[in-house]
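Letters A, B, C and D name the chains as they come in the text, with residue numbers starting at 1 for each one.
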Amino acid sequence: MEFVQNFPFFSIILSLFAGPLCSILNGKWAKRVNLAVITIILAMSSAVLAFTLRTGDSYVYMMGHFPAPWGNEIRVGMLEALMAVFFCLIMLLCMIGGVLEREREIESTKQNLYYIMVNLLLSSLLALIYTNDLFTAYVFVEINTISACGLIMIRQNGRTFEAAIRYMIMSLLGSGMLLLGICFLYDLTGHLLMSNIKEQVAILNASGQYHMPLLITVGLISVGIAIKSALFPFHAWLPDAYGYSTLSSAAILSSLVSKGYIFLLVKIFYRVIGFDIVRDSKIINVLFVFGVIGMIMGSISAIKESNIRRMIAYSSVAQIGYIYMGFGFGTELGMIASLYHIISHAATKSLLFVAASGITDASGDSTDFFDLTGAGYRNKLAGIAFTVGALSMVGFPLFTGFISKLLFAQAAVDSYHKLLPALIALAVSTILNTVYFMKTVIRIYTPEKREVLAKKQYQVITMKDQKWKSAALVCFIAINLFFGLYSEPVVGLLERGLKIFA
Amino acid sequence: MNLANLFNNYEEAVAMILFGIGFSNLLLQKNLIKKIIGLNIMDTAVYLFLALKGYIEGRKAPIVVNGVQSVEAYINPIPSGLVLTGIVVSVSVTALMLSLTIRLYRRYHTLDLDEISTRLKKEGL
Amino acid sequence: MNSVILVIVVLLPFLAGALVPVLPFKNRRQMMVYVESAVLLNSVLAIAMLIAQPQDSFVLFRFTSDLTLSFRLDGMGTVFAAIVSVLWPLATLYSFEYMKHEGHEKVFFAFYVITYGVTMGIALAEDVVTMYCFYEMLTLATLPLIMHTLTREAILASRTYLYYSLGGAAFAFIGVIFILVYGSTPNFIPGGVLDLAKVGDRTNLLLLIYVLCFFGFSVKTAMWPFSKWLPQAGVAPTPVTALLHAVAVVKAGAFTVMRITYYSFGTEFLRGTWAQTVVMIPVIITIVYGCSRALKETHIKRRLAWSTVSNLSYILFGIVLMSPLGLAGALSHMIFHATMKICSFFCAGSVIYKTGREYIHQLDGFGRRMPKVFAIFTISGLALMGVPGLCGFVSKWNLVKAAVSSENPLAYVGIGALLVSALLTAIYMLTISIRAFFPEKGFDYSTIQDVEDPNWMMLLPLVIFTVAMFVFGLHSGPVLSGLESIGALMR
Amino acid sequence: MGALIILSAALPIIAGALLLLSLTAERRCAKGPAREVAEPSAQKLRVLHLQVLVILSISALLAMTAAWSGEHEITLFELIKGIPVYFHTDGITCLFVTLSSLVWLLSGIYSFVYMKHEGKEKRFYGFYLMSYGVLLGLSFSGNLVTMYLFYELLTLASMPMVLHNGSREAIMAALKYLFYSLCGAYLGLFGIYFLYQYCDTLAFVPGGSLNLGLAQGKEGILLLAVFLMILGFGAKAGMLPLHAWLPAAHPVAPSPASAVLSGMIAKAGVLATIRVVFYVVGPDFIRGTWVQTVWMTLTLLTVFMGSMMAYRERVLKKRLAYSTVSQISYILFGLSVLSPTAMTGSLLHVVFHSIIKCSLFLIAGIFIFQCRKTEVSELAGIGKRMPKTLWCYTFASLALIGIPPASGFISKWYLAQGAMEAGVGAFGWIGPVILLISALLTAGYLLPITLKGFFPGREGAGLSVENQEPVLRMLVPVAILAALAVILGLFPNLLVSFFSQIAGTVM
């Protein structure tokens, strides 16, 4: 066994222990430790990715001394490694981009608490990605929820508390269902390790036994995770949670936390139940329907919103709809499109949040749509970044959103019955996206009247004023262009990863 | 026949009913404390279910008292372990919820979530 | 010649345009020289390319293994590229004078030059994906040009434009995907690329997709019921409305529809189906609708914009006849309408620039003060009406020839619509001329004392276009035989 | 010889354009906001008149030479591939060239005096010359597209003459004229498109060149196309339902302009109809179809309606305009019955009506010019003041009514005879009856002027009897025309044989 194979385990443990470590440090040092941890994990994950690419296969890492089916396991393939690398990268950039806001919005005595949460979140995300054990997954789901809740409520005002508690309630509903589902699975198969469960499920399915319980189980798990990842109509908590928490929280929550759950769902589909059984269970049709409705409704809500942060948050609802629609096709192409969209949306949404904060900084910290007039001139980089993000969301060629739209459309054409609703939903949702995103872009490039400017005294922000944020924005734009222009290796990786995923 | 199955497995049925009660309480109650109670009922229902699955008629708990007996003497220990883990999780979640509730109560002097929402809208935050 | 030049003519304007706001020009003159020489250089290269006709394709880069951004020159691309490369330097020349009073020139010229590259990209795109990419880019590159004045009206107009265009693109995208999946290749091949074996029994589905795609792309040609944006966009500075909304943008829309119809789906597949009927009806409606709206409009540029709406549907009409002759007719109207409409827009622009008067009832007696401009305006009006001897007649003749020989009853209705539209065109164009040349008795000329013909920079393009209208009108043979040979490639 | 055709048509067009350009050039130098050119001195005016006269005569001479010296053809260049601008002379050409030269020359001479009170002479003569050139081009046209080209140009060139006086009414009338004519032209164009597809050639071939093999199964749309062409070209000839421009445009134009409008330009519609029906489609294709029936009905309705309206009209020039509406539809009726005799009658009526209506409008102009009288009721006792003019008027009127032996009788005779022998069913007798009624109405609206003019009765008691006869330059053209109106009726044989020969070749 090569040393590099230990890295997934190391990274989980490292971030898990970095959390408590932060509690004894002051804010500044906690920040440094946190950044260092994320960077190290990024490096390790990259090494793992390189390793898996080299071997071209996945491997199982046994935790402790108990072999399957008793022990706990980690399983690493290309897909997992890629996700880990990507999640670390985005998280790093989000943390860098939100430095200023954190200092401003979080009480100085609580600074280090924030980093505890981030570290725990990272470890739980990594665990969700890597683990091969269902119950471990459940535990980390809960850790994830708790730390995410912490991220929301760390900026202390009424809105965030309310958002946090709503988030908790919905999350707990979801995890209750997930837990029940896991229990059912355990009951049906007698295993907790994914690979073993799958063997048993295959036998059960072949013999036709327990058809109904199996169906209910798949349903419970899917719905549970759907609730947790804010699939329409379970999104009520989302706008407040994303809209009022501190910047890096919003960015991380929108781009990573929900994606972690979705990745877990993919894993359950492929590695626990078996995708063929899922497809036959018709549960994906339900996901498809809600995905499509979410695409439309999320955008409509976003159009009605006049707070830019909440608008971006609502857009997440729509984008998550895309991802579930991709699942709903029940084809490999659809799955690849969804996975790509997980990446693409994560990259874009965090970019949008950071850019939006740059814009609001230049508008007297107002998030109101009308105060943003001309902000693109006051903070040039943020304006450009927001435009890039918006274009990507609209699916403009050259940016990553285009590729995911392309993949979705190709997947749609591939599936006969869902073709028309999917395509029309894609088109309509593109139009709706255009409406609210480009409206904002035009707004920030409409010069404000002189009198208003004189009265409101907006700050002009250059790149030097906000070095960290600017650096993050530049990286985000680069990532966006990279995924837009050189998507092929990524898509190829996803394909190969998915093949050895099950 | 289905009804007979239901009666034979009445423990599981009870667990599910409890889960339903907890779930709907968590979802529908306005009062935050009642929601938390609902959460706990829901979790407990799942633990009950798990424990039931681990229990084998006529066997003992896997606690070694007079030397190790053969495996057949004990019930399945894994669900018990899971339940324990689950309890830890639910305790921490409950704690978090309660702390949040306290925060909100201090601010708004009410436990009604809808009331809080309307207040928030009035605050215009 | 090496096919690298294909990419150069597309990317050079991008580079040159992006440099405009960055370069430290000492004065306006330097910038003018820089912009004009960049545009001219590119046009010279483009024309050299058109003459050399490089046959190879050039792949700029690959999205995925089968999706590439690649360029190739073919007959139809030649036509569009020729229009664009000839008109752009002239329009640029005109806009120097015009933009004096608009301000923010650097930004303006930056996007103006970039748009050149984008339009070239559409003309030279080898496959449907490349075309779609440049099509989207066109929307974005022209958006700042419409917003240019930054008035409330302009912002509204640009928003409408954006929604319509990107919305249309969203539907067009569906068609693009279908071509990728059901076509044997994403490249453009005369006669279409649909793999009928793959299509199987899904003919109706594909027809539906074609209809969606047609509507999507024709949003840019301002077809009814998606025509609202074009007249609104008339708030942009005149060089923009003239060049972009009479030529580049709307023609790009028509061009893409041609590509989709003749080079991707293929007319053999579409001709005689319900899809043809479905797309032809709104085209015919637009022909009349655009004209009647023009008639109601009292703002001179908006009137011309509505006229564009109608004329663009002439082109679409040629396209939806789905015959080689129809394509030739559509292409000829594409060329000729560009000449006519840019000319009339420039006249209107001269009036607005020199006098600030924008409404038709303010133009009484202008013919005496601006004889050259109004003479040219009248000629362009006559050409639009289709008076023989001017180019409008020729293209209309070709369109109708195709319509008659298609023997499709709906096409006969279309001919009627063309003629109704010609009459309406006569009314809305000639009333302006008559007003200008023959004001009512007792008109007080002292109210328009300040009105003068503009200087040579504005007049030169006008004169060149006028000469072109006559040349095309009287000696269209070479052009037409070229176009017919393009049409003949179709099955 | 072919070059003569081009030269004769191009000369007036170029000369007219030069006149207009020189006007613009003069304006450029002129001071003041309006750039109003000072009224030219009498000297300059005389030079201008001389120029116009010389150009008119030279090109008339050239045109007549070209027309009467046998059949020629010349192809100028290809307008569109396969469709040249092509000129050709035949009998119809001779008729129209001669007639328009006559009308233009005489009206021209008349206008030298008349236009003094209208002003802006340079502009007027510019368009006057251009219209002449275009009309010659129209007459020489050898194929449909060339004809269409000149037909459109004719509208454009003659329109400014209508709005000459610049009043709101005149401008509206000019616009009306323009749009009706264009509407007609486009209806014609609709047909041309189809004929291009289904005819062997668009060049004029006596008897038509419709390819019946190609047209197999397409008769419906072709008949519709032909009908629309008839309707469209009928617009210029004032046929229902596109006649409304004529009563609006003629009265507001300066009298020489109304004279040529009514005399020749409205006949351009007739020319175009003849060309389409007898030289491209062929009369056999529409004989007995609904097209013929509807056409005949329309012409007869127009004949009747025109006369009725004229009868009710009080303003002299408007009355004459309605009369034109009615009279030209005589011609069209003759064409619509599709028989050689009726066609002979039509062609005769073309000649006679041109001459008569030209003279009548010129006379109306004299009334306006000399004593500012426009309404019929004001003309009581006019015979006392300008007896010569009124005599001319009387002769012309009698000819128009068709009192034997004046010219109108001959043409109407042929028309009626043609209608009866053509085998068009009920129209064979309805037609002549309506023609007769209309003739009575014509008498009713023309003759009272003569009567009141010479015998004002009690009303005329207080009227002055001073001599208001116009100068010779106005009177002579009128007199010539009136004389021709009578004389041609006395010696019609030459014309009749010429026209029946033409009619014979096409049917």
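Simple rule for what comes next: a contact is a pair of C-beta atoms (placed from the backbone, for glycine too) under 8 Å apart; a residue touches a chain by one contact, two chains touch by 3 or more.
These numbers come from a predicted model, not from an experiment.
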Omitting chain C while every other chain stays put - resulting connected groups: A, B | D
Mean-CA-position distance for chain B and chain A (Å): 28
Chain centre separation (chain B, chain D; CA means) in Å: 103
Inter-chain centre distance, chain A versus chain C - centres from mean C-alpha coordinates, in Å: 43
Interface hub residues of chain A, defined as touching at least two other chains: none
For chain C, residues that touch 2 or more chains besides their own: none
Pairwise touch network: line, ring, star, complete, or other: line
Chains touching one another, given as label pairs in label order: A-B, A-C, C-D
Residue numbers on chain C that touch chain D, as the complex places them: 368-369, 371, 382, 385-389, 393-394, 397-398, 400-401, 403-405, 407, 412, 415-416, 419-420, 422-423, 426-427, 430-431, 434, 438-442, 445-449, 473-477, 480-481
Contact footprint of chain A on chain B as seen in their complex: 19, 22-23, 26-27, 32, 35, 39, 42-43, 46, 49-50, 53, 78-79, 82, 85-86, 89, 92-93, 96-97, 100-101, 103-104, 107-108, 113, 116-117, 119-120, 123, 125
Chain C - residues contacting chain A, complex: 61-65, 67, 132-133, 136-137, 140, 143-144, 147, 150, 155, 158-159, 162-163, 166-167, 169-171, 173-174, 177-178, 180-182, 205, 212, 216
List of chain A residues in touch with chain C within their complex: 391, 394-398, 403, 405-406, 409-410, 412-414, 419-420, 423, 426-428, 430-431, 434-435, 438-439, 442, 445-447, 485, 487-488, 491
Interfacial residue positions of chain D with respect to chain C in the complex: 24, 27-28, 32-36, 77-81, 83, 145, 148-149, 152-153, 156, 160, 163, 165-168, 171, 174-175, 178-179, 182-183, 186-187, 189-190, 193-194, 196-197, 218, 221
